[in-house]
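Here chain A shows up in two complexes: once beside chain B, once beside chain C.
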Partner chain A sequence: MSLLEFCEWLENTQIGTGIRESVWVFPIIEGTHVLALAISVGAILWFDLRTLGINMRGQAISEVYRQVKPLMIVGFVIMLATGLLLFWAHAVQCYNNVFFRFKLAAMFMAGVNAAYYHFKTERTIDDWDKFPVPPASVRMAGLLSLIFWAGVIASGRLMAYTF
Partner chain B sequence: MLLAFFEWVDSTRLAWLMRDTTWGFAIMSVFHLFGIIMLLGGVAFMSMRLFGLFMTERPVSQVADGLAKWTLLGLIITLITGAGLFSGETMRLYESGPFWIQMTFLFFALIFHFSLYRKVTRWDEAPAILRGVTGFLAVTLWLAVGIFARAIGFFSY
Partner chain C sequence: MKRNTLILLSLIVGLILAAVPVLAHHSISAEFDTTKPIKFAGKVKSVDWMNPHIYVNIEAKDEAGKTIVYQVEGGPPNSLFRQGWRKDTLKPGDAVEVSGVRAKKADSMRIGTAQIKMPDGRIFARGSATAAAQ
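Coming up: the complex of A and B.
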């Protein structure tokens, strides 16, 4: 089974068809997906601004991270769950959509950037945790995170336009 | 009078850019979304501080210090791009139920944001009940604005 055939099968399952054709379910899932953005990407934004040395400079980076982490995770889980349901209902259109591919690529890059920060850059956090403006490698992680997430959001919005 | 205003907006160059170009409206809506994330994100985190669920070891005014200017920037971006989006479908919005509900909530949300919310988020000795009510109102009002805004696209035409 090719990827396209899988998408065709997926959106024609009972759940896929049910979500797509319902008057209320699709808008509610879609609305939740967008509103969860404000929590998860909002949390990422506050942390990125801290790593860039722009905001909340008086607080240790690890402290800001610890505070925003639960919300980042909760928001992300809601976004992922609702996103999968939306995909389920429109799998073929997603497959054929160039912005959907951009979005996946941008999410992947955001993930790689976050992993690199946590597994590599963050190892030396004791040296710069309380710096108002942390070293360039940390600021770079924050800047890249902002760029990739902006890419995810922009392509997510634009894919709905080209359906 | 109101209809005349809508018709005037509909005749502007901005309306043409939003309505009759391929990407005008789409790009404007992307920036609208960026603004919303900053605004709603800022309000959500500030409210959680008011509820005592976030950055509890920091005074409320200090958390507000970190969030308020970004929230305001988000609000300004949202309002400007919102006006842009409005110009692209003015005449349809005039007939849209969800749009008028959104505008009503927006009216109250703005008044609240620059009065009670502004005061309580800068007042470290505010009673817990007042904090709770303020946080609840902030989340409810802005969420209502967002929900009816999203409903415009689904339930208007």
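Coming up: the complex of A and C.
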């Protein structure tokens, strides 16, 4: 089964068709997706601004991370779950949509950037945790995160114009 | 301090209100050209009752007499449902009259901002409340 055939099968399952043709379920999932995005990416934004040395410069970076982490995770899980449901309902259109591919690529890059920060850059955090403006490698992680998430949001929004 | 809170609050409310139509559907001008109106009569082939907006596939003849199928865009199921329209209000074979606008892409058979006049004279329109009036 090719990926496209899988998408065709998926959106024609009872759940896919049900969501696509629903009167209330689709707009509720869609609205929840956007609200969860605001929570998750909103929290990520504050952390990124801290790593860039723009905001909350008097707080340790680890402390800012500890504070925003629950929002990031809760928001992300809801966003992912609702996003998968929306994909379920429109798998073929997503497959054929160039902005959906951009969106996946930007999400992947955001993930790689976050993993690199946590597994590599963060190892030396004791040296710069309390710096108002941390070293360039840390600032770069914050800047890339902002760029990739902006890319995710912009391409997600553009999908709706090309459906 | 209190005044700042008030300003902030009204800003937030304003932003939320401004976002509502964006969540509802995309803009007409993204896909359609409002300077290219079209009117035709045809027969309903099928109805794609789906989010974020429905499509009514309508068979008609073009200027050369060739049979073509227009995909006529309607509103979202939610607002149509609340106006009293159902998935099976328009049935295959129904003779209808359509007025709307063509898509910007020349080869697109999609019709936007459409009004579909039903056999009994009722008008099925995108997001407007003319249903009962006609």
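As a working rule, the second predicted complex is superposed on the first by the 163 of 163 C-alpha atoms of A that agree within 3 Å, B and C clash if a C-alpha of one lies under 4 Å from a C-alpha of the other, contacts with A are read in each partner's own complex, and residues count from 1 in each chain.
One rule holds for everything that comes next: a contact is a pair of C-beta atoms (placed from the backbone, for glycine too) under 8 Å apart; a residue touches a chain by one contact, two chains touch by 3 or more.
On a predicted model such as this, the values are computed, not experimentally measured, just so you know.
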Task = Could you classify chain B and chain C on chain A, in the superposed arrangement, as clash or fit?
result = clash
Task = Go through the superposed model and pick first if A:Ala105 touches only chain B, second if only chain C, both, or neither.
result = neither
Message = Touch test for A:Ile147: chain B only (first), chain C only (second), both, or neither?
response = neither
Message = Tell me the contact category for A:Leu80 with respect to chain B and chain C: first, second, both or neither.
response = neither
Inquiry  = Going by the contact rule set out at the top, does A:Ser22 touch chain B (first), chain C (second), both, or neither?
reply    = second
Query = Should A:Ala89 be classified as contacting the first partner (chain B), the second (chain C), both, or neither?
reply = second
Larger contact residue set on chain A - chain B or chain C = B
Ask   = Touch check for A:Ile125: first (chain B), second (chain C), both, or neither?
value = neither
Query = In the superposed arrangement, does A:Ala60 touch chain B (first), chain C (second), both or neither?
reply = neither
Task = Pick one for A:Ala114: touches chain B only (first), chain C only (second), both, or neither.
result = neither
Ask   = Of the partners chain B and chain C, which touch A:Glu30 in the superposed model: first, second, both, neither?
value = both
Query = After superposition on chain A, which segment of chain C among 2-10, 56-64 or 92-100 overlaps with chain B?
reply = 2-10
Ask   = So which positions on chain A get touched by both chain B and chain C?
value = 27, 30-31, 34, 161
Ask   = What part of chain C is in contact with chain A in the complex they form?
value = 23, 25-27, 30-31, 49-52, 76-78, 81, 87
Key: Touch list for chain A against partner chain C, complex   = 19-24, 26-27, 30-31, 34, 89, 160-161, 163
Inquiry  = Which residues of chain A touch chain B once you look at their complex with the stated criterion?
reply    = 27, 30-31, 34-35, 37-39, 41-43, 45-46, 49, 55-56, 58-59, 67-68, 71, 150, 153-154, 157-158, 161
Request  = Please name which positions on chain B make contact with chain A in the complex.
outcome  = 26, 29-30, 33-34, 36-42, 44-45, 48, 54-55, 58, 62, 66-67, 70, 143, 146-147, 150-151, 154-155
